[in-house]
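The two complexes that follow have chain A in common; it is paired with chain B in the first and with chain C in the second.
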Partner chain A sequence: MLHSRKLILAHFWLAFIAFGAALLLGAWQMFVRSPLSGWISNPEWYYRSLTAHGTVMGYVFPTLVAMGFGYAITESSLKQNLIGRRWAWAGFLLILMGSVVAMVPVSMGLASVLYTFYPPMIGNPLYYIGVVLVVVGSWIWVGLMSINLRIWKKAHPGEAVPLAMFANVAGSYLWAWTAVGAALELLLQIIPVSLGLKSTIDAGLARVFFSWTLHAIVYFWLMPTYIAYYTIVPRAIGGRLYSDTMGRISFILFLVVAMPIGIHHAFADPQVGAGFKFIHSAFTALVALPTLLTVFTICASVEIAARLRGGRGPFGWVTALPWKNPIMLAVAFSFVMLGFGGAGGLINMSYQLDTTIHNTQWITGHFHLIFGGAIVIMYFAIAYDLWPHLTGRSLGSEWLMRTQLWLWFIGMIITTFPWHYVGILGMPRRMAFFDYTSPALQPEALSVAISAFGGFILVISGFLFLAILYRGQFGERNEPGSYSFAQALHMPQKVPAALNGYALWVALMIGLTVTNYGYPILQLALRNDTSVPAVYVGVQ
Partner chain B sequence: MADTHKHGQDIAVRTERNWAFVAILIIVGLAGMAAFAGIHQATMPQAVVETIDPTRLHLGGEFVEANLGSAVEADGSVTVRAIGQQYSFTPACILVPAQTPVTIRATSADVVHGLLVQGTNINTMLVPGYVSVQSATFKAPGEHLMPCQEFCSVGHEGMWGKVKVVSKDEFLSAMSNKKRVSCAP
Partner chain C sequence: MEEETELASSNKSWVVSAVGITLVLFAVSALLGFIIFPAAEGRESESLWASICRAAGLPVSSTVNTEGIQGTKVAIANAVPSIPPGESIGRGATLAQQCAICHGPTGVSRADAPNLAGQYPTVTYKQLRDFKDHVRVSAVMSPFAEHLTEENIQDLAAYYASLQRIELKTAKPGVAAPTIVVSGAPLRGIAPCGSCHGAIENKLGSPWLEGQSVVYLRNQLEAFAQGSRRNDVNEQMRNVARAMTQEEIEAAAQYYASKPHPPEI
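Presenting the complex of A and B:
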């Protein structure tokens, strides 16, 4: 059994309760802007809700999942008790406090600026300070992951770091560095203006800083999912991981190339020149590489499991897979959504195609499919897999879990496919109301209504998930044994130093950030003609 | 036994390497396509960063009110100047001729807005302090909605403009005796 069970459970419960609340807000938003609902009497409620939904789903929920999972990986893969557990609790409390501090002004309508901040709009300072507390809390986790690994390495000189821990620490470093962009934006630009120390702000520079965070944060959300692909799935379905080395290479590639590509979010922005947009576009193509490698390795690993179970033929083995196993189901759904979402992502990354769908509902559809779909469905799988080891009780019926996963998959497809379609028609994002009686908007009405219906299915699935975990707290007592990760087909005898540590790769990550962001940032920071007056929101 | 293990590992590594090679080809191909389209078809983002003081737009320079709307240049192309502000565009209806190169120059007077013309590739951010430039040619006469595509505070859902595309002749007759033209009421 894991040693820090209470700590890990606290992280997961806070994450999933916050997720449930934000899920309800999301579904309400889908409903209220669809033709199923009448004219919203106060559009400000919509933007308030949208700010809360984005802040919780973007900053609080995935961060807590990565942290809780990270502590579990540390104890189970390194086979040592977590060092610095008090610090870990301090980090957890900072996140809890930060979430409350941020959500109070948001719920009062004093900070309806969305989780992407959008200066020169400026909201109540407590909102930004709350977000900073959440990030600081997560940085404690980054420090702990690094310290725990270092102590293990000292005690085990020359041994290969287990893949799960190797990936986990890579993810923590990626998060530490990518959060710096938004931190600079908040600390140097937004918070001073919000506190009234300054009254002007460079909106263009703020957008560049935010893009530094905005793309790689997605890969931070993705890390627990990829760790589950490599180290949980093959074990859970009775197979072997095809290649340990390719896993390490993929995680290193994420660490290095997830960072210097964020300006593709600013393709349509006037404050960045064409040259750097092209460089970031090309690097964005590169970040598809670790995903292509992963898809191959995981499909091969799954095939090994099928053949061990007697599967035959070039494709016939698929039927031999343990489809009744919730983890098998989750990874299959996750891959389907990753496929569609990834194809959409390739469209977004090319400047020419992006102009058709930039900032339309297509983009919202895209990241809900990738994050809400491919990534979050594996968070469910991680929770199901880990829960008996945290509670010491069996989790109950697999049938309920399969139903929950099916509902999430179906709900996400019904929500996001019409969402993509109306985006192509040019429907803009983040609007509280659409006048569907206008002949130009009428073709969008049916799709938006279908999409809202998908949102309701997601709510049912989300609450079913919470109910399964809750019931699991009171299930039959059961000693689940030690928590383990997948064995590779050919366990590496010796791993080269470059694939067992991070020094070179962290240096490359920082170096590439400097080359790809240094000039666009300095060019704007050194000009004195780009600051504009702040527009305070929520003041009567 | 050790030999079969080694043999299996060799096959695994070879297969994996072949796939990595295919994956790299895909990536290089995609980046190459984007570069080709950018250079060959001249579909590139604006090359130069231009700045402007949003607090002085109404006092002078190219975005004073009398200068907004569509203008015909010496080479026959059309330049459209527009402003986004909470929660409307000026002009609220943009008039352009079909089959004529059009350059849109726009900026924001307050917060970040976006300018998207439905049914076209015109889609740009309006960031206060900077001028956005985009070129386009409208194929046929017709009307397009032009929503603000970026959240700009509580009235965002009401910020919709319009683009009216007319034939060249119709546009020139609307232009007669005027320096700037629009279809705003």
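Presenting the complex of A and C:
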């Protein structure tokens, strides 16, 4: 039973409205740097838009979805009212405030530094302070998740934590720790320079700090999606989860290895030694493991559903699946995009292969396919699944939802495949302008134009999504019953205590942070000749 | 009808195996990354220890001779106060009398020396400091910066910033902006000039250029391109000028010299 419906709805609505606005900016960016549009003559507008797009899509949107979903999971899987609802509202308000505070200087052109900050570029301090407020708001959520679980455990000694909640809290701990990197960068390095207290900055160290956040933040975005795979999909399509234990193992593996691998984002940086790059590359290979486990488990769970519906044969069962069910469709699309995106990721994570595509459009294609594609399409599924329980009304036509999901899938493929391709041709990322009349760029023109069309399709899909949710607020009244999660095929008789708590895994995560990041950070922090003058943007 | 699941009590084997596996993985990757691969790269005359240090990213002292290519000593972010102290402008005006023969009594030059009226105070400050520190060198200008004190330089910067950017006689309105100014040359990594020098955005430390003489502009661009002027922070301007063609330098100089009105601060 969901009690904090208003709270959860507020999180989702703010998330999706911000998403809609940022989506428009994204499509505009695709358009202006494609051959379809003339040169806007002012790159600053492009970077301004890009900063807003990245900040909203990277920090505000997924954080709010994870939080709202986390509150829903707490109440429905633990069957207890959310403890600390006031604090939860405070967290929400901090995020709302932080977003506004950050976006004002961005829209005035005072902080066009992109969401990854890129020191020595330095923008208006309010931008960074806004981002810090967003992170602080989300840390309140982390605290609440932990407290709610602890109280439940006290009341249920010797019982296993439901998988959905176990995964949710693992995700929150991962976020708490991974946000520390960017927080250190902002508080110790960037904000003092931005306030004018210092005028030089160790950009290399800042990049190392940011890499601490940058890989695992993607896994934080991914958590709601994986939770949905394990605990919503099997139930929604009338099947059972193939293995509860496999789910637990995947989530604790994410907790341990998602974070101490971020230096694969700095393979081309001179300030980190090759030995550490190799270690990070090797540990990045490990992070494929929980994803492979998940793909296996979910395919098996889906097969169970198909066979329950009379599916036959080694592959014939696929046709017996409830393809008209939006959740089924979403998970299938999500897996296809995860497959392609994951395959591309193998190139990025490999120290040597990365050099061929480093800082090209390939990378932009890659993370849009994974995040915008595989992850976000499941955010849609989560919203569709939860909405009737939040509004107490039916959500209306499944046909519209299917259209929306199809459009998102097609749009994302059309956007990102040409993007990968021009990346291989060597087209750099983060550029406001390409002169396609130059013979060197002509071969890229067609692909970029196609890619922009993909962006337009995404806008249509995104707004259709908002329209469906909006209509859902006024649909027919309909009591949907209590919200539940998928049951495992065989509940394990005994859950190992290690898979019911986090101490061991958090300790390993921190331990690996020390071994994999300790030396590179200390070396840069202790030297006094590694700073460069700040480059202030948007000021004179 | 949920099945209740119990918890196993002992954790020990999990702890041992999880920690064990992690340690082994770390040891193996460290062995490969720090010892085997760096050694296999086979730099002759490199000791094992030196190759480990190299893999760890320990910088070795550079053999490149950096003498004489030091950059500016000015930190531009807080080089000048946002509001200069009251007497500063007056003191600056007195000092500026020695500059007037070249830079003009109103900060607008009748020779080919740069105009200073209305220049951003950070710019004037930085350039004077650079002359004084011998980071920017000019046979004509350098001697006049030599004896200036820190306070003198602050006062001069405040004074010139306070002067009106008056209408220039050299202005030839109607010269079309060349591509290099409007769009830069992205393929060669040149941003539009206006993204630092105003019109699009003012980046701290970038002077405004409108109305400077063609000769001065051309000379500076060439000096940056050849490396005889090297006081720009992080080589921002040298990277631009080096990639410009002779025609582009000429076109940019003509264009900026022809612009009638320097934009107001």
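Note that in this section the second predicted complex is superposed on the first by the 538 of 540 C-alpha atoms of A that agree within 3 Å, B and C clash if a C-alpha of one lies under 4 Å from a C-alpha of the other, contacts with A are read in each partner's own complex, and residues count from 1 in each chain.
The definition used in the following text is that a residue touches a chain if its C-beta (ideal position, glycine included) is under 8 Å from a C-beta of that chain, and two chains touch if they have at least 3 such contacts.
Treat the numbers as computed from the prediction; the structure is a model and nothing was measured.
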item	value
Side-by-side fit of chain B and chain C on chain A, or clash	clash
Contacts of A:L425 with chain B and chain C, given as first, second, both or neither	first
Which superposed partner A:A268 touches (first chain B, second chain C, both, neither)	first
First (chain B), second (chain C), both or neither touched by A:L114	first
Touched partner set for A:T355, first chain B, second chain C, both or neither	first
Chain B versus chain C as contact partner of A:Q487, first or second or both or neither	second
Contacts of A:F335 with chain B and chain C, given as first, second, both or neither	neither
Which superposed partner A:F31 touches (first chain B, second chain C, both, neither)	neither
Which of chain B and chain C A:V537 touches, first, second, both or neither	both
Chain B versus chain C as contact partner of A:E44, first or second or both or neither	both
Chain B clash site on chain C (candidates 9-17, 45-53, 63-71 or 117-125)	63-71
On chain A, positions contacted by chain B and by chain C	43-44, 120, 271-275, 277-278, 282, 286, 431-434, 438, 440-441, 523, 532-533, 535, 537
Chain B residues within the chain A interface of the complex	5, 8-9, 12-13, 15-16, 19-20, 23-24, 26-27, 30-31, 33-35, 37-38, 41, 43-51, 53-55, 86, 110-112, 114, 116-119, 121-133, 143, 145, 147-158
Chain A residues touching chain B - in the complex, by the definition given at the top	43-44, 46-47, 112, 114, 118, 120-121, 202-204, 207, 242-243, 246, 266-275, 277-278, 281-282, 285-286, 288-289, 292-293, 296-297, 300, 346, 350-352, 355-356, 358-360, 425-426, 428-434, 438, 440-441, 489-490, 523, 527, 529-533, 535, 537
In the complex with chain A, residue positions of chain C that touch it	2-11, 14-15, 18-19, 22, 25-26, 28-30, 32-34, 37-38, 52, 54-58, 75-78, 120, 122, 182-183, 186-187, 191-192, 195, 198, 200-204, 206, 233-234, 236, 265
Of all residues in chain A, those that touch chain C in their complex	39, 41-44, 109, 120, 122, 158-160, 193, 196, 198-200, 256, 271-279, 282-283, 286, 431-435, 438, 440-441, 487, 491-500, 504-505, 508, 511-512, 515, 519-520, 523, 532-540
